[in-house]
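Below are two complexes that have chain A in common, paired first with chain B and then with chain C.
Now for the complex of A and B:
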């Protein structure tokens, strides 16, 4: 029997050389789409997080290459549309994307190049999971990772409308929804995500959520001492916090960073319809069906009696006669 | 006698026993196609609507196939209903007697149909189903196309706002709401046909008995008899 892989606490750890068993098990799922009743796991994994310090990012796209490499995706070769982004958008073949924003800071009158690594935020309260109609297609593990289980996915695209960050993309070839997995397969084997491992400036770090928050605080203090007084951590509470967090120099204006939502939340219309409205709708249909059945059993049916047939013949005769007379 | 209460093709086909033709073969086939596509839509739609009904996708070979089939069945249904609509719309326009009839609906439900005002080919309930279905189907068609994931790339450049996520969130919710209302109408439609004995033969053979016509659609029957008395060619 091989040992279980350790829970990773850093992206820098080297792969183990001895064979290890996965340490991210189906029994570690705490929430699954369209499955309201999940047995509580018998253990709680340590919450993990990826921290992206945008102030340290040099925009080299090593993370993108590492992501495509590890996940074996092949983004289509595109055309230069006048942007640094390549490809132009996230896709089912590109789970993470460097976004480049040019910002003229009115306070300093300087041009700032704000680079952000876009991808799944691994929300504590995932909108995609709530919106998904396919049982078990989207799961959340007790360490906070939100993962898409492709064999259960039906490719309907509801997760796209559920996500507050516009992240999931449906593969036009495989008809399944795709996004960053936080390298759940690497984490299962005690490794950090590929992007974090590849990052040359350690702008991307990985570890327990607690350790990442502590690390972020150091970084924020440093940034503040350098004049970025609004530096802060992006761990939006509107979605219960996220397991991918940013250190931003302008944490007061997240939207400067290529439209990072200022206050992301699951859209009320998604929440309402996926919550009480669905139950009310089903109950209404059920009541109507039961009501009809009860009426059918207890009320008298509208029946045509033999007298009615006679009356009908009388009416037809009379009407025909009248018409004939009119004609004559 | 001009046709006011009846459609072309409606006629008395036999006097003893009295049998009246209500729908021709084309209209019946059209209704059957609508009904079958509706059944596919209801079963697959319910699967997406509520988690504990997801097993219904098994009838079609799984979730992926159900997801693929649902919008196609939707297009068939929409086209089929449109053809039905054109044939039935004239006699489903509201008339004065519909108001009276609706006010006396309580008498009908408690079994006193004799006191109801005489009607043409359709009563107000049937007209409600007709117009309700037509309106809801239009909403479902538009919202359904908006959330048809595979097809979005074909039109998103032309209508970027409608293809945007906020619009599609509304479309998903509206699609579900209209589906619920449509299910209520469908239950009304099917149950009314069960409750009113002798109705299904109109769907199967296209004919009803004279007594059925006399009891439920007297003005329709009278007009047909009058026209036949005049010797109008059919």
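Now for the complex of A and C:
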């Protein structure tokens, strides 16, 4: 097939009616976990970003609903724990979550209800990818999207440790790590993410990172005119910037928004962690039988020593233990 | 809505009061965010709770549930006192100058003519002074003490900021700040829009709440303007269609009314619906009622409706009471006076007040038929579900039939949105199982009943036997057939009254608009206001051209809006007396010197001269009514009334309880808490949440996950006082019932100080029941009082008294 989907420009675009081939290819991967030597792509996709304007967000959870529908997940019908957050936390069945914070602004004496859509930030320098010992389980495309390749995932949970935003969740059923994919499957077809499509107030928009920054500047100007002097863009440089950004009324205090990190960094333990990664990673790949067919780049012969298998078994057991604890 | 959803983007100031647009209407609310982002518009929210709408507002103020009239009358007083009046508009386009009869008056919270025994006012004196030619007398100088303006000024005198804040509990600084923001919109080039919903209607004085805002908007000169208006956000996707089609028990399609018992013949019926103009040269469009009425009768009974039999007037049912609303019907049912009940597309067990009474009433039926796409609690009212439906099934003898229907996405047809747009939609899925369209079910029942009448006769079979039923498949009329019938067609050639050679419609052709309807039997139309929706040019409701030449969001080629594809009602008032737009940057229409032209369909005769014909063509006066002449049963001006259950006495008259003109059935008052009842110290209010749509979406697993369990919202202060923990169980009870819920403890509700008392608010969302995917729970209607608005009897769901205590878990059955 020669017709390829266009690169996305806006989430509002309607889907193509003719069959098109994906515009997000294995060859667009620029980084893969535990695979330091990747062939450089022959093209550079435009960097994309999702902009979440919390000042336009009405906390309706249409994004959560669209996320569950598109990804075909089944968030549990839980309990009310005295809050508007439902489900109570991110999970392998709920990749995004509205967080609600009641804040009494001491400067104005006004109550503010700061509502933030939480989910993967798609870091330019992804801590999860760095921490991941399984080759090709976490990849980053040249448009900036960070994707989990479940076939390659061993469910070890290192990505959870590596994430400065505490986003990935291990599926207790499938024993793989899960998170928002920025709807890479939709983006591949020229679409924006499902959450942006569903958002009734266009608090969530999607496009090139450049366009999103420009849009954010307009919004920040509007917020400043309404007295939010510290309005600003959240695009934290500690992780090289992110492909999910926020417009915040109080950009000087991100943590007001249900604990959004003020200055996220990749944990030093992840940065320094080199040695065991390769060994464990190779072992795990052996066990996981490699989801090699998915990405040509990962299809390479691997040799696994018996002691690697032992290490890997321990790793999987530990991951399962953690998953059981999470469930409890 | 006077305006349209898309028009909200043209506003400078949005006031959401009596509603929660972001949560109940998230998609429509997008236009508020557009107005804010693109015009720099501001958003004010006045609500007992700091809602999700408030979370994106520029200014918020709390208010005690049920005290909105005091707030609104106070704003009017403030605007008058501070010169924030659009004088050219008020003098020309309202009845400010009209002189009122000397007998009209108000004292101690009551208008003249009150009869406590009948719970009704004698409205004779609530009228203008009528002079020569049957026209109302006016004083354009506004000096006569009996002119509406001076009476209004006197009426609002009591609503000082001190009085208002004492009654509403709104902090004074916040109240005054809102007065200032609203007052700015009296400038001809500044426009405010009001968005409200059931937060205003579900009170025993709901109509007067809305009147209050309509009056304020007239004083500010904001009715008829782009970005202005009084906008009712309807709670169902097609509830506007329901009222248009006349499904209320006292209505006929197109807002005509059913005859009363006393109106025994057609001339008597029409004698009170003649609507002669009250000022010279005014349109008073309801003068055309005979054309619409006769066309309706021809659509119903065709050839059986003739001039000789007064268009089959005797076929129409006549009302022996003002109307058979839900409260009356269920009160009768509770007394065993109803045998068979059809619940079509709604869920009375959870939607009607005082659930205990509803259950008792349903238990007395011989048969209940439930038509719904989903299984409802009403269909299972006889089933025991622990504390969530604690009934003795063996003691209930009602036979229940469930007839599964298609849902809107499984059928073609139009829904009418809040902005009066009839938007045609196409079937998107095949109905599951045995689900059938409502029309199929109704047609099958009707044909069988008709056969019975044909076979067995009956007291008066003619209306049943002669009903027009000319559908291709009599057992299943199609949406297209019904839509064409509602539009109407010519039965004989219709000529232009100004030019007898000009044919407007040949016999058999669809009429182009309601101006083509006739009172001589030569046209038929099932719903005159829908004329123009399916013309000879085809289905206008299916149009999807979103071009917007004026940039005003009128989208005249997108679907069809009644009346006459007009997007903004009273748009003639968007121009000054000479026909120039008050704000050229917001032009809708203007007078070219010869005719009205612009980006919307002019709401006036295209050649009506601007200085002669006033904008409010549907009123007999031609102008907007600050004084509602015999319009509402509870007074020509809104006056503060407490809810039937209130923590404080009415400061205007401590002896008054609730709305003095509201109907109260025997036994219901005894089930209400006394004023200031120490056993029920908290004010409760009910509402929807954005995660759910009424009682539907709890059947959906995703929606159920997003808001899984019944809860109530209370302040941190009340939680501390009662020892209630966040996320803990509570029991909430009223004089009528009790519920168990999880507690959401929040800063977003604060205790209010009213009349020196601390008033706590308990927020009680609906959506939970005992069927569906979500956890079993209760609805607020287990607690709410069985009383409604004085004019239309919408139940008082938004202000009632409860008590609350911590519980160790859900209660025991």
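The rule we apply is simple: the second predicted complex is superposed on the first by the 272 of 328 C-alpha atoms of A that agree within 3 Å, B and C clash if a C-alpha of one lies under 4 Å from a C-alpha of the other, contacts with A are read in each partner's own complex, and residues count from 1 in each chain.
Just so it is clear, a residue touches a chain if its C-beta (ideal position, glycine included) is under 8 Å from a C-beta of that chain, and two chains touch if they have at least 3 such contacts.
All figures in this text were calculated on a predicted structure; none of them were measured in a lab.
Student: Based on the superposed arrangement, let me know which partner A:201 touches: chain B (first), chain C (second), both, or neither?
Tutor: Once the two structures are laid over each other on A, A:201 reaches chain C alone.
Student: I'd like to know which partner A:74 touches here: chain B for first, chain C for second, both or neither.
Tutor: The answer is second: A:74 touches chain C but not chain B.
Student: Is the number of chain A residues in contact higher for chain B or for chain C?
Tutor: B
Student: Quick one: classify A:104 as touching chain B (first), chain C (second), both or neither.
Tutor: Touch partner of A:104: chain C, not chain B.
Student: According to the stated criteria, A:224 is in contact with first (chain B), second (chain C), both, or neither; which is it?
Tutor: A:224: touches no partner chain.
Student: Touching A:4 in the superposition: chain B (first), chain C (second), both, neither?
Tutor: neither
Student: Need the overlap of the two footprints on chain A, from chain B and from chain C, as residue ranges.
Tutor: After superposing on chain A, no chain A residue contacts both chain B and chain C.
Student: Note which residues of chain A are touching chain B in the complex, please.
Tutor: Within the complex, chain A touches chain B at residues 34-36, 131, 133-135, 152-158, 160-161, 163, 166, 170, 172, 175, 267, 269-270, 272-273, 277-278, 281-282, 284-285, 288-289, 292, 295-296, 299-306, 308-309, 311-313, 315-324, 326-327.
Student: Which residues, counting only chain A, touch chain C once they are in their complex?
Tutor: It is residues 55-62, 64-65, 68-69, 74-84, 86-87, 94, 102, 104, 110-115, 200-203, 218-219, 222, 225-226 of chain A that touch chain C.
Student: Quick one: which bits of chain C touch chain A in the complex? Just the residue numbers, please.
Tutor: Going by the criterion above, the answer is residues 22-23, 26-27, 29-30, 33, 36-37, 40, 50, 52-56, 58, 60, 690-691, 701-711, 725-728, 742-748, 773-775.
Student: Using the touch rule from the top, collect the residues of chain B that touch chain A in their complex.
Tutor: Touch residues, chain B against chain A: 1, 12, 15-18, 47-51, 54, 57, 62-64, 66-68, 108-111, 113, 147, 149-150, 152-153, 165-166, 168-170, 172-173, 176-177, 180, 183-184, 187-188, 191, 194-198, 209-216, 218, 221-222, 225-231.
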